[in-house]
Amino acid sequence: MLMQLTISGLSQGAIYALIALSLTVVFRATTVVNFGHGDFVLGGAFGVYVLVVMLGLPFVPSAIAAIVLMFVCGVLISRGFINPIKAGPHIGFAMMSISIGYIFRGTTRSIWGREVLPMPRVFDIEPVFIGDLVITGDAMIISGIVAILLLAFFIVFYKTSIGKLIQAVYQSERGATLIGINVQRFHDMMWGAGLAMGAVAGILIAPISLLHPDLGAGFLIRGFAAMTLGGFGSLGGAVAGGLILGIMEQYAGAYVNTALIDITSYLVILIVLVVRPSGLFGKRAVVRV
Amino acid sequence: MNGLLNLKDVSVHFAGLKALTDVSLSANAGEVTAVIGPNGAGKTTLFNVISGYVQPTAGEIYFKDEAIHGLTPHAVSARGVRRTFQNGGLFGEMTVLENILTGLHVQIDSNFFGLLFGTRKANEVEKEAAARARRLLALMDMDEFVDQQVKSLSGGQQRMIEIVRTIATEPPMLLLDEPAVGLSPPMRARMMEVIKRLAGEEGIAILLIEHAIDLVMAGSDTIIVLNSGQKIAEGKPQEIRENREVLEAYLGYA
Amino acid sequence: MNQEITKTKRPFMQSGRVFYLVPLVVALIPLFANNYLQFMANMIMVYVLVTVGFNLVIGNLGQLAFANTAFFGIGAYMTAILMTYAGFTYETALVGAAIFGGLAGLLASITALRGIRLYYLAIITLAFGELMRWVYIHGESVTRGTDGLPLPDVTVFGLSMHSDTAKFYFFLLITVLVVKGTSNLLRSRVGRAIMAIRDNEMTTASLGISTANYIILTFVWSGSVVGIAGGMFAAATGRVFPESFSLTEVIVHFAMVMVGGTGSLIGSVIGGIVLTALPEYFRQFPGMEELFFGIIIVIVLLFLPKGLVSLLAKVSPLFRERYFRE
């Protein structure tokens, strides 16, 4: 039982980890917390839905197209909406990202608002039985793809020259400007990368759950909970936080009450921020005044 | 050790970093006491510990013979030790008059419910405060800016406004953190004049951090030199000018 | 130097007293409104107070807290609960709504005081609001879950408030009192202290102002005002549903503050009026409401960051708020 729950928790958590990581990428690069992210995650899923179900295209090219599309959206948001209000108060960023998220959500709802959309199953893999344990094909695919992506991400981030450059800009934006890095373009790219990664999460989760415009809010909150748990702004922490959150939800649902699954992330946010604001792995989180 | 403000062996350590070590000093009413020293000498930490923004690791601070170490910033301020900030501390979205009125806050005697219901008495107190703020600005020749948003003013004007706001309650003790930094030469001279006037005519005890050594030499009664968190010298401007250790540590002479 | 401060009274139409005419004009609405317009007018007053309360925290104190829907929901549910289970009359239940809204505000302020600010505050208050909605849904034995909790007959001091017109006059009275009280506070040392914290918290303390006390005060006052609005909302709609306090509601409140003008009381009133009336039309089409509010906020952020009130301030200095009295 415990093992079974842990395994399904991990495959759920892999999605949360990806969402939290994509939020963190944007946050670290631009100091903007993207409150519209849940809807952008869903944007990727709806993109695939349109291409696969409505236009009848094959899954893989559709997924790639949707990811590229969300990357472009990210760049446009950075360029057209975040950059112009840079001089204003920080609250503006939050409001801007929420509002763009709502525009996304409103668009999907005005098209598909009255129904819940089933995504066709993409990969039909037989579940694997190990003793009493059942590992579903979906769980294997999700965990596998996320694991490969995370590995690729951290290799790029820590081992390549591009990654070193990104780290340099994270450290000091002014320093980066001095050595000739175009910080605005960097922000655009990071927004694009964040939305593209979020889209991957949405695409992975779509086939195993039904699509509905309201799902976005849940993604956002879980992403925040994972970030908070792992330590706001920490890349590794976001991944660890996501996995732990996924497992916690399963345990809470099985051992306490299924209704608790919905609020595990809220409770995590409340408790972590009040008790240990730096999270499990983060260093500083609190603005002391 | 019988000044208006007395520090006794005050130390401030941040996680191993010794920002201040055993600093003792006094500041007297009607005198300008300047604190000088190279960057990182602990000058701003000294101000922060006096005004309650930083708690001392060891040592005692007395104002009017009452211990003020361990108090919160607003409590220190309410006792009459007011300060300015190096980076400017005005409320940018508010007008000049509203800034001065905020400075008068503790002397506006009205309670919450009086204000909520807009009682005649509460309104009268508010009106008196506004009139007093206007008079104060007029006194400092700043009355032309009264209704302007603070952020639309020049750096020099903002510094002046900040000082007016700080002295609005007529505090007995003033800590000025680099009041002349970034000002044009005529503005600097005027600023120093104002500071001397506040000490000489109003009898305020002034503790001053200033980098411009010419202003310090010309305007202060006593100079305290900090280096690496320690007080290395104290004396009249003339004595400091001739102190070898100071020259080496601060003024850069070999 | 010796400039005499003149104390001549300005003519009525050029002084702030001209705003007293607004409720007098508004009081005439029932004379020509049909049922639908009457209901809208009632909802407008609900949202004016929602915006007034939200703007205090967002605009005046400058804290990014999303607890407003929580305050709103707590006010609405407490009104319904106190009336249904404790037999309170409407006016006393409304006092309860204000108290519980204020307590929720106190809770939110404690997080802010613990140094949880900016995005952390936004996220924790967002979680707070969603947690409350979960409580409404799952606390079925009290809240009746998603079926909604109906309000018993609304009476005020023994008078039946059954008709929308009766509610209208009672709401108008409350709205005027709350807005006037908030205006009084803002135009005093309290309002200045709150805005000083927004502009520079550190130096505010150096002026002898206890920043913690004013942060608490702002949240509690905001919570109470929005709690009252929640109580009015419950009476206006007759039944309280969890879905009325979802995340979608957050953006509605946000839009009202932004469109009216952040940090402006007059702006709050304008935002509440403009955005309650307009989007009602869109509610019948799914998704349109979200699109409308999303686009409106984006436009305001990009092109009119100080809201409609900044346009009006260019026309007449009456709309430029002064936070002092002379």
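Each chain gets a letter, A, B and C, in the order it is written, and its residues are counted from 1.
Here, a contact is a pair of C-beta atoms (placed from the backbone, for glycine too) under 8 Å apart; a residue touches a chain by one contact, two chains touch by 3 or more.
Here the structure is a predicted model, which means the values were calculated and not measured.
When chain centres are defined as mean Cα coordinates, A lies farthest from chain B.
Relative to the centroid of every protein C-alpha atom shown, the closest chain centre, again from C-alpha atoms, is found for C. Centroids built from CA atoms put chain B at 49 Å from chain A. We define each chain's centre as the mean of its Cα atoms; on that basis chain B and chain C are separated by 40 Å.
Centroids of chain A and chain C (each the mean of its C-alpha atoms) stand 33 Å apart.
Within chain B, contacts with two or more other chains are made by no residue at all.
Of all residues in chain C, those touching 2 or more other chains are 202, 211, listed in ascending order.
Taken in their complex, chain A has these residues touching chain C: 33, 35, 81, 84-85, 88-92, 94-96, 98-103, 105-111, 113-114, 213, 217, 221, 224-225, 228, 232, 259, 262-263, 265-267, 269-270, 273-274, 277, 285-289. Of all residues in chain B, only 51-53, 72-74, 77-78, 82-83, 85, 89-94, 97-98, 101-106, 108, 110, 112, 115-118, 122-123, 126-127, 129-131, 133-134, 138-139, 141, 143, 165-166, 169 touch chain C in the complex they form.
Chain C makes touch with chain A in their complex at residues 58, 62, 64, 111, 114-120, 122-124, 126-128, 130-131, 134, 138, 201-202, 211, 247, 250-251, 254, 258, 262, 285-295, 297-298, 301-302, 305.
Residues of chain C touching chain B in their complex: 1-3, 5, 180-181, 184-185, 187-190, 192-193, 195-196, 198-200, 202-211, 217, 263, 323-326.
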